[in-house]
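Shared between the two complexes below is chain A, which has chain B as its partner in the first and chain C in the second.
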Partner chain A sequence: MNKNKGRSRFLVLCLAPATILFFVFMIIPTLNVFRMSLFERGAYSPNETFVGLKNFQMLITDTQFIRSMQNMILLVVIVTIITFGFALVFAAILTREKIKGQNFFRIVFYIPNILSVVVIAGIFSAIYKPENGMLNSIIGLFTTMTDPILWKGETLVIPSLIIAMVWQAIGYYMVMYMASMSAVPESLYESANLDGAGRVTQFFQITIPLIWTNIRTTLTFFIISTINMAFLFVKAMTSGGPNGASDVALNYMYSQKDAGLYGYSMAIGVVIFLFSFALSAIVNKATDREPLEF
Partner chain B sequence: MKKVISLALAASMALSLAACGGAGSSSAATDSAAATGEGAAAAEATTIKVAAIETAYGTEMWQKVADAFTAQTGINVELTTDKNLEDVIGPSMQGGDYPDVIHLATGREAALTEQFIKGNLIADITDVLSMNVPGEDVKVSDKIAGGFTETSLTNPYNDGKTYLAPMFYSPCGLFYNAGLLKEKGWEVPTTWDEMWELGDKALEEGIYLFTYPTTGYFDAFFYALMYSTGGPEFFEKATHYEEGIWDTPEAQTCFDIVTKLAQYTNPITPAQANDQDFTQNQQLVLDNKAIFMPNGTWIVGEMAEAPRADGFEWGMTALPAVSEGGDRYSYTWFEQCWIPSGAEHQDAAKQFIAFLYSDTACQIFAESGAIQPVLGIADTLEGDNKLFYSIYDNGAKAAMGNFAAFTAIPGVEVRTAFFDPVNSLVSGSITEQQWIDGVKSASDQMRANIIE
Partner chain C sequence: MQEKTSSRSGERLYMAFIYLVLALLAISILVPVAWVFMASIKQNSELYGNPWALPAGFYWQNFVEAWNGAKMGSYMLNSVIVTALALVLLLIIALPAAYCLARFKFVGQKLLHTLFMAGLFINVNYIVVPIFLMLRDGDNWLKNLTGTSFLLNNLFVLAVVYAATALPFTIYLLSGYFATLAHDYEEAAYIDGAGYGTTMVRIIFPMAKPSIITIILFNFLSFWNEYIISMTLMSSTSAPRTLPVGLLNLMQAQQSAAQYGTMYAGLVLVMLPTLILYICVQKQLTQGMTVGGLKG
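== the complex of A and B ==
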């Protein structure tokens, strides 16, 4: 009895720091975001006025907000699909095939992930530079360009962002998929080989189903991290320009805070919060399968 | 025994976690109290907190001025300087802890000063103007050059009271490579018609007429343009969003000139017109790929290390006149220094602001290239600065002021409505009329929310 009491006290002591910190720094601020979205106040003014759902009503008619949401959704969808595809294929190649310099490729793919976003923004700035930029110089070798391609111009800025974001994210997910792929027993592939299944069939019939739980988890990661990453990339690479063409929702939220609309920007925060929550839930539900074991 | 060890471990983990949480408010303050010595400390123990933005002028001058102020008045100064001052002082101000003096100009992206203006959170410093400069027998108002304390940048509420003290001024205009024009035998245009002529001539040689660092640089340009098309009266009405003002012929001239200028702009400009790449647009001028760009005198220091075309030489001109013999304007950009109304030591803070106009302080600032708006300072300048600051002696008129403050409206800001569309004008994705329509609808909302 006495021993039990000491044990539970010990458990409480162990759990308390994390719980308290989580509560103070995660739960309370999150609740505060919801509360403040119902008020209107400047970031520095002490008075706030309750405006109910007025902030949300204005959001619906704010074309800049709608455009920034569209951009964000576009980035989430496209970046997820491309990264997901590439990461899976690269992971399969690097685990299943015997190619020279496997470790080298693994490191090369992973390096972008340890670079900070600001560094990546700098690298891509040099790549996308209209004059003497790497990309335009390479294209210039094959064709004669009269006008330089404006990678960060209005029409191409979103594809340019996508390329940078995919480049940054592939390595991380590739390593995650490689870890679970190498856990798949070799014998399954051997027997599939005997049955005459080719590599592509093996990939779709054996590899994918067996790492499905992993794929589901990473899809949630994709959604949350792309929303955050989109903000970082936009902030560091384009500041939302030219003329708002690359604005994303989090960046817009940030700029509205700077415009002195704290409540309004919190309302944007609430929308993004609910959006990412809902999207993760939908994806989780849609990808639900009976887990296979080996 | 085991239990004791695990308890100790758990406790230490809790402590270290708590320490991580508490360390968020690292202080960037550099304390100058040490410089006061024992003599002054006895007189008055007041310590004021001064927060100043670090710009191209560096931070050393602030430390020197703070030391000089302490030596003069015995008031200690706790100085905070940072390039991202908003991020350093912002969080503590949200918690109600304000610096006594803040030197931070309007027009920055984080718009902290604008938020304080919009929130009526700045102390009235009209009485500073009639105070004597510490250590001198002159009133502050007698030192500050004419016009600087009468603009909407210092008197944001149009009520005759001064809330922000004018600091370091810089004439803005069109910067160009004087060497290139000399080499080609081109004249600096004095009217817009001559400007377009030059543009056609230059384009034949593969040089574009115009570029801009970011659309943010259009504010000074557009203000001066409004002055030169319609004079101070039109400027006053336009910056107060008067009804129908954008339908007047003067406004139409402004829009037409910017639209035409967009056609003469180096087409790669918008792709680099962001905070990351704007120096590459400035580089276009140094490489003779564009002739003119709107900028301020800080450009010389900012691009000091950049490679440049042979025979490069900085030149600066006021905006061309709309018609032959018309007025030419150069916008006077200046920074602001102010006291938050929540500041603790208001009186000492006012003394500090007064001291910023003393001969000692002006000289310290000038050594770093920061020019205080005091009378007679232009005579003491040397080098490039002498040329730039003499622009008003060479026939250009000074344009001052800005758009009137309005309470924040979701999605409507001066820059996004007025200037950002220039990027789209250059790339041709919107028409002039679409731009004007956007300006009009934004202007209507701003008028409805103007702070009087």
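== the complex of A and C ==
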């Protein structure tokens, strides 16, 4: 009996701090996003008035919101496809082929992942600078430019963001897939070689199916994190500009908070929450395969 | 015979192509980073010329200007304090919780574990506005009650928020490791008369050292580099800023003042600690990936 009491006391002592912090700073704020989206709230007073779904009705007709959602979806889709495509192919090459300096490439490719997004924004502002930026000066070697290319101008800002985001994410996923690919037994490739299967066939028939479970989980988390990364990049690189051309939903939510429109800001938050849950559920369902063992 | 040589030259072409692509990718990462280091020691006048020219000399004034004039020195101290505090808090709180969730059966254990796992899907930046408002309301309430407030613009509170929001990932990683251990360890310790606490701290935690190092590394990087929460919770002009927020302000200020040298020196100051750490521990970091695979 005494032992039981000691056991419960031990459990409570160990679990209470984590549970309390988790509830105060994660569960309650999450519930608050949903609750506050139904209210209107003064900028400096805690008084709230219930407005029902009015905030959401306003969202539907807000063109800047629709634009920011479109940008977010575009960034998530394109960045995911490019990053995963490249990361899988490079990881396969670095694990399968006898590349000299394999370690060197692995160490270098991981560097962007350890840098702050603010630092990356600084690096890319030096790359994209219209006058004497790195990119324009390289292009200038091949052609004579009359006007400098405005990489952060209205037309090119989204592709420029995509390049920066892929640059940041690619190494991390590559190193991770290298770890899981090196666990695939060599004998499978040897027998495939005897059967005359080429590299491409081996990649699609052996490597990809055998690490599918890993790809699937990382894909779901990558999509959620890209919604967030898009915000971090936009906030540091362009602040949504020029003229809102690169605004993404989370950045729009944040700017509405700065304007003191808390209820409206949280209505955007609700849409983002539902969107990310729906998207990960769809991806999870669409990538469902019978797991293979090796 | 003919076929063999042609396939061999095809093979060679394929390998050459692969090396070319790998080298291009490596260059696209190394050159911009090295360029920033180079630009940080250039005089401002040099930064208007050819971007590929080597620096004329070591112009340390940029660093002095960034460290003192732009207050990056005191921001660095703030970042060190917040990161260290948050890491210590996180370890003290997450280790026992992860251990209990993984090794004990009790009422509500499954529910609690599921809740923490659901937390993996909640991105901190989705909930930064409610956290800010909660702390601000708390501050207003404190002000009415005692005349002082300390929740916003406080490094310690920021560290608590960092630690709290890192809990799901950390507990997921640690409890995954604890679950793989055999129960014999604890049974042997109990027979020797050790209590629950002693067993956990003396027997189990030392075995988890590799996992603990992994979570310290990942969380160090995320705390050190974080800027949205820090910017939101430290919004007052007199508030202690962390390094990335200070750098962001510096970058926005330099765009109008065109003091590029100071800005690049600031960039170097922010990335140097992470780069040095990476060089020291890159083995653990890239090997910890298999367990840390879910972090984005």
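By definition in this document, the second predicted complex is superposed on the first by the 275 of 294 C-alpha atoms of A that agree within 3 Å, B and C clash if a C-alpha of one lies under 4 Å from a C-alpha of the other, contacts with A are read in each partner's own complex, and residues count from 1 in each chain.
We adopt the following convention: a contact is a pair of C-beta atoms (placed from the backbone, for glycine too) under 8 Å apart; a residue touches a chain by one contact, two chains touch by 3 or more.
Bear in mind the structure is a predicted one, so any value in this text is a computation, not a measurement.
J.: Mind checking chain B and chain C on superposed chain A, clash or fit?
T.: Partners clash after overlay.
J.: For A:111 in the superposed arrangement: first (chain B), second (chain C), both or neither?
T.: So A:111 only meets chain C here.
J.: With both complexes superposed on chain A, which partner does A:161 reach: first (chain B), second (chain C), both or neither?
T.: neither
J.: Does chain B (first) or chain C (second) touch A:266, or do both, or does neither?
T.: A:266 sits against chain C, while chain B stays out of touch.
J.: Which of the two, chain B or chain C, is in touch with more residues of chain A?
T.: The partner making contact with more of chain A's residues is C.
J.: Going by the contact rule set out at the top, does A:130 touch chain B (first), chain C (second), both, or neither?
T.: In the superposition, A:130 touches chain B alone.
J.: After lining up the shared chain so the two structures overlap, which partner does A:65 touch, if you call chain B first and chain C second: first, second, both or neither?
T.: Once the two structures are laid over each other on A, A:65 reaches chain B alone.
J.: Contact-wise, after the overlay, does A:238 reach chain B, chain C, both or neither (first, second, both, neither)?
T.: A:238 sits against chain B, while chain C stays out of touch.
J.: Check the residue A:152 against both partner chains and state whether it touches chain B (first), chain C (second), both, or neither.
T.: Only chain B; A:152 stays clear of chain C.
J.: Does chain B (first) or chain C (second) touch A:93, or do both, or does neither?
T.: Once the two structures are laid over each other on A, A:93 reaches chain C alone.
J.: Return first, second, both or neither, reflecting whether A:6 touches chain B, chain C, both chains, or no partner chain.
T.: Both: A:6 reaches chain B and chain C.
J.: Could you give the residue numbers on chain A that contact chain B in one complex and chain C in the other?
T.: 6, 10, 13-14, 17-18, 21, 24-25, 46, 121-122, 125, 236
J.: Going by the contact rule set out above, which residues of chain A touch chain C in the complex?
T.: Answer in residue numbers: 6-8, 10-11, 13-15, 17-19, 21-22, 24-30, 32-33, 36, 46, 90, 93-94, 97, 99, 104-112, 114-119, 121-127, 132-134, 137, 167, 170-172, 175-176, 179-180, 214, 217-218, 221-222, 224-229, 231-232, 235-236, 250, 253-254, 257, 262, 265-266, 269, 272-273, 276-277, 280.
J.: Mind pulling up the chain B residues that touch chain A in the complex?
T.: 3, 6-7, 10-11, 13-14, 17-18, 21, 90, 93-94, 96, 109-112, 114-116, 118-121, 214-215, 267-268, 270-277, 280, 289, 408, 410-411, 413, 416, 420-421, 423-424, 427, 429
J.: Could you please specify the touching residues of chain C with respect to chain A in the complex?
T.: Going by the criterion above, the answer is residues 15, 18-19, 22, 25-26, 28-33, 35-36, 39, 48-52, 92-94, 96-97, 99-101, 104, 106, 112, 115-116, 119-123, 125-134, 137, 140, 160-161, 163-165, 167-168, 171, 195-197, 200, 221, 224-228, 244-245, 247-248, 251, 263-264, 266-267, 270-271, 274-275, 277-278, 282, 285-287, 289-290, 293-296.
J.: Under the stated contact criterion, what part of chain A meets chain B in this complex?
T.: Touch residues, chain A against chain B: 6, 10, 13-14, 16-18, 21, 24-25, 42-46, 55, 58-59, 62-65, 121-122, 125, 128-131, 147-148, 150-155, 236-239, 241-244, 256, 258-261, 264.
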